[in-house]
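In what follows, a single structure is set out as structure tokens and then discussed.
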Amino acid sequence: MIPVRYVVLLALAWVGMSGSFTLPNLILGIAIGWGVLFLVRDQLRAAKVTVRPWAALLLALLFMKELILSAVRVARLVLSPRLDVKPGIFAYPLQVERDFEITLLANLITLTPGTLSVDVSEDRRTLFVHGMDCSDPERAKEEIRIGFERRIMEAFR
Amino acid sequence: MMGEFGDYLAGLLIVVGALFALTASIGLLRLPDVFTRMHAASKAGTLGSCLMLVALALHIGEFATGVRALAGAGFFVLTAPIAAHLLAKASYSAGYRMWEGSVRDELAQNVVSSKKNGQIQGG
Amino acid sequence: MLPIVGALLAPLLVRVTKHYAGWLLAAIPLIIFVHFAGMLETVGNARTVSGGFDWAPSLGLRFAWFLDGLSLTFAVLISGIGTLIVIYSGGYLKGHPHQGRFFSFMLLFMGAMLGLVVSDSFLMLFVYWELTSITSFLLIGFDHGREAARRAALQALLVTGLGGLSLLAGLLVVSQATGVSELSALLGAGEALRQSPLYLAALLLVLGGAFTKSAQFPFHFWLPNAMEAPTPVSAYLHSATMVKAGVYLVMRLNPVMGGTAAWETILPLFGGATLAVGAVLAIRQVDLKLMLAYTTVASLGLLVMLTGLGSDKAVEAAALYLIAHSLFKGALFMVAGLIDHEAGTRDVTRLAGLRRAMPVTFAAAMLAAFSMGGLPLFFGFLAKEEIYLAFTETDGWRLLLLAVAIGANALMFAIGFAVALRPFAGAPIATPKHAHEGPASLWLGPVVLGGAGLVAALASATTHRLLSSPTASAVAGTPVDVTISVVPHIGVPLILSALTVALGIAAYLGLDRLRSLTAGVLAGIGWGPDRGFDQALRALLRFAAGLTRIVQSGRLDIYMTATFIAVAAALLVPMIVTGELPSAPVLPALRFYEWAVMAIAVIGLAAVVQARSRLTAIVSLGIQGFAVAVLYMLFGAPDLSFTQFMVETLAVVILALVMTRLRLSPTDHRPLRQQLLDMTIAGACGLAFTLLLLKVTQLPFDDRLSQFFAAYSKTIAHGRNVVNVIIVDYRGLDTLGEIAVVMITGLAILALIRIRSKKTVARASVAEDA
Amino acid sequence: MQTLIFRTAAPFLTGLMLMFSVFVMLRGHNEPGGGFTGGLIAASAFAIHGIAFGVPAVRRALYFHPMAVAGFGLFLAAIAGLPSLLFGVPFLTGLWASPSLLGVSVDLSTVMFFDIGVYFVVVGSFTSIALALEDREHD
Amino acid sequence: MESVFAILVGLFFAAGIYLMLSRHIIRILLGVSLFGNAVNLLIFTNGRLMREIPPVIAEGLDVPAGAVANPLPQALILTAIVISFSFFAFLLVLAYRAYQEIGTDDTDGMRIAEPADDGLPPMGY
Amino acid sequence: MMSGAAFLEASAIFALGILSVSFLLVVVRVVKGPSLPDRILALDMLVAVAIGFIAVFGIRSGFRLYVDVAIALGLVGFLATVAFARFVMSGGADAKKREEQAEEEQR
Amino acid sequence: MIAAPVTAADWLVVAPVLVPIVCGAILLMIRHNVRWHALVAVAALLAMAAANVALLTRVLGEGPVSMTMGSWLPPFGISFTVDALGAMFSLTASFVALACCAYSVLDIDVTGRRYGFYPFLLLMMAGVSGAFLTGDMFNLYVWFEVFLISSFGLLILGSEKPQIDGATKYAILNLVGTTLFLIATGYLYGTFGTLNMADLAARVGQADAAAPLTTLASLFLLAFCMKAAAFPVNFWLPASYHTPPVITGALFGGLLTKVGIYALLRTMLTIFAVERAELAGVIGWIAAATMLVGALGALAQSDIRRISGFLVISGVGVMLAGIALGTERGLSGTIFYAVHSMVSLSALYLLGGLMRQRGGSFSLHSLSGLYTASPFLTLLAMVISLAVAGLPPGSGLWPKVMLVKAALDGGAWPLAMAVLLSGFLATIALGRVFILAFWRTDTVAAGGRPADAPAQAAASRLGVATITLLALAMVGMGVMPEPFVRAATAAASGLIDTSAYVQAVFPPGGGQ
């Protein structure tokens, strides 16, 4: 009922948090992890996700890069004497289907340059993205498609 | 713990982080509407804080505390986009218009349909 | 004690024995009467009977009794007449559903009255005094269905109750001035009291009690109104008891407080006024009971006046008149009640020719009236002779009182016969009820009392030895021997008596004319203290309502304004008055980021205060909250910072959750004047707190507590975080209380949200929670 | 709130926050934190859960009524002061024991139970408040 | 340092009290919140100030290495914060319910318990 | 060349200065608004800056216990924004309308 | 660190606080088993009362008792220090609460129980007892807050409109009051560096010459006057006490203001004795104004509960008079009056409830005929009214006599007059209630009489029994005042001479 890997993840988080790598502490971590997950048991949707570590790492690196880039770009933008922005919302047709993938993608988009996920359509086919520079939405969509979305699909299949 | 290098790195990180935070703040002031301001806050702001937390983790050097600092940064990275998303969605559906200079709005027709379904009230 | 037991038994007894209860219950006062009568001989030989036991020694309170001639005479009259009244009540209230209660109240009252006259301790005297007020309230309002009865009862309670408080204050002042708190001891401390600077205050306060109780002008109005009570009550209250309490007090204190100019001015003045007013008002009445009531007022005035004259003769006269009045007034009241009971009316103009139907009553009435009129052979005559004798010794303005006395006595003569003769004389006329002689229980009282007036006078030597002389001695404070007898002595008094009788006969004959005359005059005046009572009470209620509306305006902003003005005053005034202001502060160098955080806090405050809409204000609230949290962090309080961050955020969250549900008008401005006032108050409070804080922080600080905590947190309490150790260990009890608060808050909010007012619940059924 | 993104992330956020709250509570004796702050974090977690999935979900998750949890907390905290009665020392005297568990000595103390009591009271009460405010069915 | 704090405390009080003198409950509540912070800062300052060094004993030591910030006011304030937060929450919900039942957050409009048109008491007997 | 510690100290002071300025700028946005989401966003940003501030302060003072304060702040800051978003969404159009009204009245 | 070993008997000191807290917590855990609530509450209150009896006996016999929590030496831990004053108040409070609880057993419905009537009641009693027993200033503040928040809970239970309105004013103003107390405590700590009352009492004499003690005392005075509902900070009481069910009014009217009086006694005498003397004139005027405003307010009302509320205020003024005088006699008068007032005002509120039950209304405009309908109730009303108005044979007489005597001894004529006058005004107010509601027969109750359902009849019988118990207590105090006077005098002398109080906490020769 409660996915074991989540419990293990939380137990590890516990051990790291408390900084005490002892067996009793690990057991305590497992117990607490199981306990808190038990509380949210109904909302855990255990999707069959296989993680490909290498692809996931690539995704993480891509994210780091994009994050820094985005921050720099925003910094440059707001510091420029003339605010030259053409913002707007565009609809991005999603290829990923699973909740967790959509969420991940939306979050990554939000964290990266000039884009911000505003909403997901009810049929989960479309992600509405607010862009700082919406002069060429097609290019922005293309960047997402070959960037984050592809990496996500590679990492979690 | 990590000696001189660690100190330099930490110093650098906090200065860069602080500068990012400053940029975010300036963006918050200068950008024209709430959606564009959100870009500044949720990117530069998040990054700035995270950098400073990482610096703290480096400087402290104690494993558990370092892990916590990094976990804090991670948590921050996890929550910031969600918060931004929620606020953007809420603002949009509550009818706060975008800046006049905005060039397109492809969400407009979608909102009409979802309002019909009474989804906005949420809960 | 006995009457109280009797009072408790009375309702039960009445239920068991029906209307014979009166006879049985009369045994109680009778036993008391016999008991007191047995002491007459002892006390007659100039001795006193006293005793008692400690009741509440911490209060200096003894349950003590003290009987001298005065007390004993009163006790004998109270219990003797009480016996007759109880018998009379049994007949009078035959079949009344609440007869039991009545006896209960009556006996309680009797107990209180007896206690009053035999008490030695000031406090006991006061207690009994108030008890008579309370029990008389119950008795006067016995017929509670009628508004007049309720009004009269309240009036009596308030007037005599107020007097009681005055008496209490007076007695306490007396005991402050003399250091004694018992009457027996006070008798020896008269000189000290009269010399005391507190004398006048004590006198006025005590007289406040006595005059209200004894219905002295201008407090006389409650007494006639008290005729709303059933007649046995009137007969009892107004002959020997209640109203005589004030006279008792004045007489009791005469040897202690008397003899001074104040005493000899105030008492005759008020007594004389009362005498005159009572007599005149009596003429005005047509109701038998009211006629008698006003003559009671007059008689009380006479007694007070006599006591105030202060001479031995006057005191003798007072003693004699006291006894005479108790006898004839009790009898006449019972007669009036009997007439009412049998004929169905007390209106003297609608009564005549009853002598055939009620011969015994008539005889008793005549006996009493002779005494009241002061005709020879009756005790009233002795009293009147002695009164006039007393006046022969006075001079100056007091002679004016003599004129008053003669006039009033004449009027009282007329009234006495109007009550005792009018209804019986002449041709019978139709009365609401067909009159016939009442049962023995009803006529026994008048007959005995009326007869006693005669017997007492005939056996005047015995009466004087047992009652009059001891009483007079007690009142005078020195041995006095009353010698007057029914044998007429030619002299000024006799002439004055004859004059009185002559005037009295004239007044009796012209009674109707006099009545309409006084009625006309009084209508011309149009206002009396009785109306005044209503007006005063209404005015008091209105004043109270007006004041309350100002003080308790119902508006929270006014409450808050007053509260914070009080705060500013409570701090600034003592600070300035006692010079507790701080010295000028030295502004230290803070680090720039500390300044920045402070600046943010101040900006945050300004943002909240000036925010136009509440929503803006709520969001702005976060600024100062965060600034404070950061300040805590900068000054070494991570726990505080932690908690402050959490709490500020959650506060804003809850505000947002709640605001979601409110639909408020966007702006809520106060007018400029209001703003300025509020700013001034808020500024003054802020300034005051700042000044005091500067002052305190300029003192050296004793930090041994914190030293201790820091020193032992790790070693004994096993915790490195000293703050947390304080919270859970050193001061764990605070935290226990604190979480109790948190828990109750949760529950209270749940109750607030879940329970709907009945109106709302009517709309939707009650919801169950999980 | 009906948003996929939030709902997908919410259980994990809630779980992490709850775990962090336990951590904060347990280490309060030595570092900043303690029952109160821990409790507030946990209550925040439930609030987020409630905002994401609605009040009934939280009620199901908790099983006990939050106020019962708070009552239990107060009970625990008060009871934690009682063992000192047996030792003839005043109320709320801290008693310590270090039983060995799996070869590691574990510090147990009445003070810790006291702090756990605080935690439960705060969790229960503030969760109850949040749920009561969030709950729209009773409007 | 205390003197600067004293002035800041005064400003907090003034702002809080100014808001509490409003007729509108929501503003009063904001005032209550500021008032609470003012009190906490006041207690904090009364315990005298010390920069940066928290009253936490370093690991391995039995007593603090040097002077530390005064822990007692901090503990008192923690208790006070919790209590005032509880009260704040209660008042807020109360305000909300008052709004629901009475339809306003203007205290001048809240005259149910003490009606403005409260007549005289009975004048008779 | 400064020593590592001195460099760190200087950087920290510098960072604190910058963060103080950021604080003030963000506060200006909270005060100015103009719309509710603007203020909420600024408040969210305030939390972010505060976290940075705590981190730098933790480095400067050498007390690592401030880490947990920062983490907790991250958690509840998130909660605040969620709750406000919730508020904006449900109070919704209404809130906005009233806000506009208020502004009109101001003029 | 470990103080002298504590015997089991010393645990009595905390029992009156601990028992209701634990039982209140248990009630919350079994919130939905409403059947058990009343039972647990009554049991808890009985246990409290028993502990209080034992405590008072012990204190009167052996002098003040103290226990410092957590085995820390005072002043480092929190001390509970119980002297005759605290024990007397605590005992009376538990007695009154027990009576009210008995009254409530059939009066509070399932909704009221489910949403916490009994936990509120128990926690309020925990707070009230804690306030009476604690020997630590900040801890006193905490107990104030505990009973305050519980009183909020009781006040809003039912959520009728007037309740909500009254509760708003009550809550905000009381919050200001307790916060002022907290502020004063903060300054006190800043000045003396300690919070233990005995420690403060011992140190106040050696305070720094520059210490702003008068201002501090004045601030405490204001804070506690507000809690005690003294004029001019009495607004919250008449605004709210009439809104909840009478049972709540009875608890509040009986207990809460007395905690303010207790705190005033404790601070103004045990700690700020010198400053009290400086402020005596002000306190005297506050006392007189409070008495008269309260009594006049009672006259102006037509709702019995509001009359009762104003009479509570008037009584507060009477109690303040003794504090203004500061002599042993005056203080013992205040203490005795407080004990009397707890009992009699609770009874007055409960009486109002029964009058409403029988007469269908709280208003004097429509109440009538209660004498005919219910003679026994009338008897009770008589006894209670006499006690409240300070007439014999009620319990109010002796303390008033003591106060008037003390005022005259001290030359405070106006104060003595005010005590007497306020008593007289109360007599008018209650006399009017009596003649209008009980004697008057001609007005038909506007609301009509409620149907005499069996359950209600049972509740009514229980109510009568409860009030009878209280009335007997009042008459007992009136007829046998000696033990009360003696205890009150012991309490008052303990306030004036603090050495026994201090020694209970810091035994001579017992160093740190």
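As written, the chain order gives the labels A, B, C, D, E, F and G, with residue 1 at the start of each chain.
Throughout what follows, a residue touches a chain if its C-beta (ideal position, glycine included) is under 8 Å from a C-beta of that chain, and two chains touch if they have at least 3 such contacts.
Computed from a prediction, not measured in an experiment: that's the story for all the values here.
A.B. asks: Between C-F and A-D, which chain pair is linked by the larger number of C-beta contacts?
C.D. replies: C-F
A.B. asks: If every chain is reduced to the average of its C-alpha atoms, which one ends up farthest from subunit A?
C.D. replies: Using the mean of the C-alpha atoms as each chain's centre, the farthest one from subunit A is C.
A.B. asks: Which chain has the mean of its C-alpha atoms lying nearest to the mean of all protein C-alpha atoms shown?
C.D. replies: Chain G is the most central one.
A.B. asks: Round to the nearest whole Å and give the separation of the Cα centres of subunit D and subunit F.
C.D. replies: Those two chain centres are 28 Å apart.
A.B. asks: Find the geometric centre of each of subunit F and subunit G from their Cα atoms only, then give the gap between the two centres in Å, rounded to an integer.
C.D. replies: Computed value for the inter-centroid distance: 48 Å.
A.B. asks: Report the inter-chain centroid distance for subunit D and subunit E in whole angstrom, where each centroid is the mean of the CA atoms.
C.D. replies: Centre-to-centre distance between subunit D and subunit E: 25 Å.
A.B. asks: Please compute the C-alpha centroid of subunit B, do the same for subunit E, then give the distance between them in whole Å.
C.D. replies: Taking the average C-alpha coordinate of subunit B and of subunit E, the gap between them is 32 Å.
A.B. asks: Going by the touch rule set out above, which residues of subunit D reach two or more other chains?
C.D. replies: Correct list: 1, 3, 5-6, 9, 13, 16, 20, 30-33, 36-37, 40-41, 44, 47, 65, 67, 70-71, 73-74, 78, 81, 91-92, 94, 125, 129, 132-134.
A.B. asks: Quick check on subunit E: which residues sit in contact with 2+ other chains?
C.D. replies: 20, 28, 42, 45-48, 52-54, 56, 59, 72, 76, 78-79, 82-83, 86-87, 89-90, 93-95, 97, 101, 107, 110-111, 113-114, 120-121, 124-125
A.B. asks: Scan subunit C for residues touching two or more other chains and write them down.
C.D. replies: Touching at least two other chains: 147, 150, 154, 541, 545, 549, 552, 554, 556, 560, 634, 638-639, 641-643, 646-647, 650, 653-654, 657-659, 661, 664, 689, 693, 696-697, 701, 703, 705, 709, 720-721, 723, 727, 729-736, 738, 740-743, 745, 747-750, 752-754, 757.
A.B. asks: All pairs of touching chains, please: list them by chain label.
C.D. replies: A-B, A-D, B-D, B-F, C-D, C-E, C-F, C-G, D-E, D-F, D-G, E-F, E-G
A.B. asks: Which positions of subunit F touch subunit E when the two form their complex?
C.D. replies: Residues 61, 63, 65 of subunit F touch subunit E in their complex.
A.B. asks: Using the touch definition up top, name the residues of subunit B that touch subunit A in the complex.
C.D. replies: So the residues of subunit B in touch with subunit A come to 19-20, 23-24, 26-27, 30-33, 35-36, 38-40, 42-44, 46-48, 62-65, 67-68, 71, 77-78, 80-82, 84-85, 88-89, 92, 98-99, 101-107, 110, 114, 117, 119.
A.B. asks: Can you tell me which positions in subunit D touch subunit G when the two form their complex?
C.D. replies: Touching subunit G: residues 65, 67-68, 70-75, 78-79, 81, 84-85, 88-94 of subunit D.
A.B. asks: State the interface residues of subunit E toward subunit G in the complex, per the touch definition above.
C.D. replies: Residues 20, 25, 28, 32, 35-36, 39, 42-43, 45-48, 72-73, 76, 79-80, 83-84, 86-87, 90-91, 94-95, 97-98, 101-102, 107, 110-114, 119-122, 124-125 of subunit E touch subunit G in their complex.
A.B. asks: How about subunit C: which of its residues touch subunit D in the complex?
C.D. replies: 638-639, 641-643, 646-647, 650, 653-654, 657-658, 661, 717-721, 723-725, 727-729, 732-733, 735-736, 739-740, 742-743, 745-747, 749-750, 753-754, 767, 769-770
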